[in-house]
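Next up: the structures, one after another.
You will see chain A twice below: alongside chain B first, and alongside chain C after that.
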Partner chain A sequence: MADSSPFVGAGARRRLAPALVVPGLVIIGFVALYPLVLALLDSITQRDNGQSPYAWVFDNPVYLKIIWRTIVTALIVAGMCVLVGYPLAYVMATTRSARARSVLLLLVVLPFWTSFLVRVFAWLILFQPDGIVESVLQPFGFDGAILGSVWAPRIAMVQLLLPFMVLPMYATMRGIDPSLLRAAESLGASPREAFARIFLPLSLPGVGAGCLIVFIMSLGFYVAPALLGSPTTSLVGQAVFQQVGTLLNFGRGAALAAFLLAITLMVLGIAALMRRLLGSRTSDA
Partner chain B sequence: MRRPGRLLVWAAALFAVLLLIVPTLIVIPVSLGDQASFRFPPSGWSLRWYRQLVEEPAWRTTFGNSLLIATLSALTASVVGTAAALGLRRFLRSINREVVRSTLLIPLIVPEIVLAVGLYSFFLKIGLVGTLTGFVLAHATLGIPLVVTTVTASLAGFDPNLERAAASLGAGPWMTARRVTVPLILPGLLAGTLFAFILSLDNLVMSLFIQTPDLSTLPVLMWSSMTRDTDPTIAAAATVILLTTTVVLCAALTILGRRTTTERGPLL
Partner chain C sequence: MSISSRRSALALSAAAAMVVLAACGGSSSDESGLTAGDLGGAPEAGVVKDGVLKGQSVQFVGYGGDIQKLQVGILTPWATKSGAKITQDSPTDYAKLKAQVTAGKGTWDVVDVEDSWAAANCGTLLRKLDDKIIDRSQLPEDNKGTDCAVPIVGTGNIFAYNADKLKTAPQTWADFFDTKTFPGKRGVYAGNPVAIFEAALMADGVAASDLYPLDVDRALKKLDTIKSSLVFWTTGAQAQQMVESGQADMGIFWSGRVLNGVKAGANWKAVHDRPLLQYDVLVVPKSAPNPVAAMSLINFALGEEASTKTTEGSGYPGTNVNSKPKVDKVTGEFQANVAPFKDPVTIDSEFWGKNVADYIDKWTTWING
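After this line comes the complex of A and B, so read on.
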């Protein structure tokens, strides 16, 4: 079709055009893919006193606990992002004031473009001993250090990742036809019922997409847990950093990183499978 | 259509917006305090931390390094990523296209700390640790998927017949690219480049592995300072970064907003 172009050279250009992807593939292959494969191979072949790095991870309950804590943290952060972000996305999608919508959109996107490091640092100030957060919590009977607790990084991560939750939810909600809600109400549904039975189910793909992004990004977090948590609340990212950056044990670091990678790929696989199953169900209906 | 509980929903939305914006602003008053503490409110006001920021050579040097690395890596990511996005749509077999696209998105999907492990041992072996080339390559790698994504998004509404029309009117491939393709994908191209630039300027995890005492970046210096002691100079640096990104983003939105009146473009 395209190659039937009568102009000399147009067909050849079209066949050559895929070559444009080569520089990108070379850089990513050289900096990301090849070193990653090399590191994973190292982690399989390396032996410390005859022990493979993977056997070492499984022999140390500390690391299994860290992996578990990382998964739990990612789940909690994604769940909290949904709770905090859903009303915001809902208002952005359903408000009839275009001005309110663009102001809200700007306020969601602004932190998205703001330095992660600066935002984590702000939480360090807020969580200081006798700092703002502690003095706010004191009247509620909270007396302990928030900095270094397992909740300090989690709260910061919710704030850091919230835009990644709100934007996909908003995009999905904008695509929901408002006349569906009016139809439900004209058929006798209360606004609450129309929301629960029409809007909420239709918004779930956006919630799922947001959860996927936030969960995966939380898994690999290093900066927030390292600054706001403590060694006893360590996540996998910190453990990897310690092995590779501090102890220079590349095999063990790569083995821990392999767990992160495996969980990430597993979650992505499940998400793709679910999308396919749900997609085929709706197209059958 | 006044829904019951509408007020409650707005209140919840407002809470989310405040959570997004307000906590970060704490760096501003702390940067203006007169004591070496992160106390809020400060006991008195002064500009001494800004003076420190300007006068101390370490901050100036690393800031210069960061700007240079961010510029070079964003340009690399921009050119390479745009070329890749343009090349992607020319694949005739969709399976090849998807394999190539997934490969280009690897740096976005694989956690940065996982990439850093492989990168560090590889860069140590080939002597790229502590070099400008090492920094630029690593940061450009993180930026490429962003440019590919934003340019691909602009290409979604792109009519290939425009290029064919240009060719039929006698424009060569360069002329067509310069006068037709690039202007049409410019919003996505600029957004992706800006994103890659900011990502490099802010990058910490990979930079921690590549840095040496001789060549380091601003985030690395900020990190070592904030993990070691209580120095409000970081708050001053953070305030400068915060104000700069806000101004740049607002300027970019105004410019891109003027180009496309109905759609805000890929920045939002």
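After this line comes the complex of A and C, so read on.
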């Protein structure tokens, strides 16, 4: 494969490749790996009255509960992003109007140009008691405060993270050859069947990539739950902040963060496994 | 005194400082060799001698915003008189302070922090304050600070309520826990259980003098009775928003935040029963490059004039006993350390400093339950 590059000969390319990754690796090494190793060391070596940070987590089941709540929240946010994002990405990828496509793309990307914090504060205003969101929900029998509920940060996170779901799905869908669908239909499949048996499976890698990004980013969210949620339904980010920011207990903060890291690695592992299984199945077929 | 004898006196005092340093593991001597003796005799709160700190510089760190502007304004005469310069940073960030101390190299000299945090980190992150530089005699008897910290401005944790919503005025802490007579949402601080545990115990009949050590299980049991009526705030701005927006009908708030809400038009009133006082304290991190000048500045902040200006400018009580601030009537209603408030209780910062981590675990378990 490597020899097929029209720009650089294979030999030159092989010699260049290590040099090309050095700057990136150096940055990642210093700003990500090195602090991560230090934090993990803290979480392993620190003792408070003889207790290790991990023993502390298991001694206070509330932190396991908070970790579990964080996982559930991340799953819900990823799920809601798929529900909202898939149709949007589908229309963006399949519309024949170039203008509609650019307008939709612009709308998806627009939030990137607004400060994250500003968007959270915007939600803070929308979620006010008797504010817009509450008055819209009231006719549907919603009664109570949305601000400070577990749903306020989830709704906001869907909006904040939607681009990370839509863009990979859109990229994958754009790569699906429309003639495959036409072929299916010419062979007698209904449009619905063509979608379900051709388009949907081919778009799944995009959905998977989007879900991974959104799920992993949700795990570490701090600002939205801190400002919109309630401490009664806090997520891991808030617990980490409490330990590190106010109690200066870096070890315990790192232990909580280590759980997130473990979950993330597990999810990545599962994703890699699934890709291999699915990949081998398609190559068998 | 001739120049050479002055120089040898300086050298001697520097040498003496080294000995002290070696003996007690770090006291107030500068990298520049400045010592307490150079400040010109016994300290008096609020007083600094002319020109004693010429060429020195102190970095003051507060919580930023209007309050820091006010603080630095109040401290400026110290700079003018002593010849030192004040630089600023903000906001106070405990993790950053720890990082400076751990690195053994910092820029922060004087930091405005919470009293219980200072008590918990005295000797590890914070320097012991030097009595030869800092005069505590004008602080209240029951509030002299700790080895590493002196109180400069108080915050009352007060029971306040929306007078438009509550037809009968609650009178005591017990009323805060009486959801039958006084139904409504109660806003309380979520970050830690300081003050709310005390309030619960007093409402349950514990005398203020018997509060410590706190009976946490009893406090949580009392809190169970109003749990469904609680709403939580985590920042002062959120508290004020609760007051102004009607998200809470009553609550335990920092007095100044309710005052701000009232000034913005909210019809809220304070219950004057036993406010729980906490203090902002000034500390010197171990990594401070200019500890002598820093402590001189702290000594100035303890003066009567600084205290008076603090109260008049912020509405929060200062700590100098001779201070007689003039405040308007509304502000007076929220001055938690004086009448009409009855029997203010000073929260035991040393007790909290020792126990806050464990109590936060219990508190987090309780509010997430």
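Throughout what follows, the second predicted complex is superposed on the first by the 253 of 285 C-alpha atoms of A that agree within 3 Å, B and C clash if a C-alpha of one lies under 4 Å from a C-alpha of the other, contacts with A are read in each partner's own complex, and residues count from 1 in each chain.
Basically, contacts are C-beta pairs under 8 Å (C-beta built on N, C-alpha and C of every residue); 3 or more make two chains touch, one makes a residue touch a chain.
Worth saying up front: this structure is predicted, and the values here are computed from it rather than measured.
By the touch criterion stated above, A:P231 is placed in contact with chain C alone, chain B being left untouched.
By the touch criterion stated above, A:I66 is placed in contact with chain C alone, chain B being left untouched. In the superposition on chain A, A:Y222 makes contact with chain B only, while chain C stays out of contact range.
Using the contact criterion defined above for the overlaid structures, shared-chain residue A:V244 touches chain B and also reaches chain C. In the superposition on chain A, A:Y54 makes contact with neither chain B nor chain C. After overlaying the two complexes on the shared chain, residue contacts for A:F121 are found with chain B alone; chain C is out of touch. By the document's definition of touching, neither partner reaches A:W151: not chain B, not chain C. On chain A, the patch touched by chain B and the patch touched by chain C overlap at residues 128, 226, 244-245. Contact residues on chain A toward chain B in their complex (touch as defined above): 2, 5, 7, 10, 13-14, 17-25, 27-40, 42, 84-85, 87-88, 90-92, 102, 104-111, 113-119, 121-126, 128, 131-132, 158-159, 162-163, 166, 191-192, 195, 216-217, 219-220, 222-223, 226-227, 237, 240-241, 244-245, 250, 253-254, 257, 260-261, 264, 268. Within the complex formed with chain C, the chain A residues making contact are 48, 60-63, 65-66, 128-129, 145, 147-148, 226, 230-234, 239, 242, 244-249. Taken together, the chain B residues at the contact with chain A in this complex read 1, 3-5, 9-10, 12-13, 15-17, 19-21, 23-27, 30, 38-40, 76, 79-81, 83-84, 86-88, 90-91, 96, 100, 103-104, 106-107, 109-123, 137-138, 140-141, 144, 148, 160, 164, 167-168, 173, 195, 198, 201-202, 204-205, 208-209, 219, 222-223, 226-227, 234-235, 238, 241-242, 245-246, 249, 253, 264, 267-268. The residues of chain C lying in touch with chain A in their complex are 93-95, 98, 117, 121, 190-192, 231-232, 234, 245-247, 356-357, 360-361, 364-365, 367-369.
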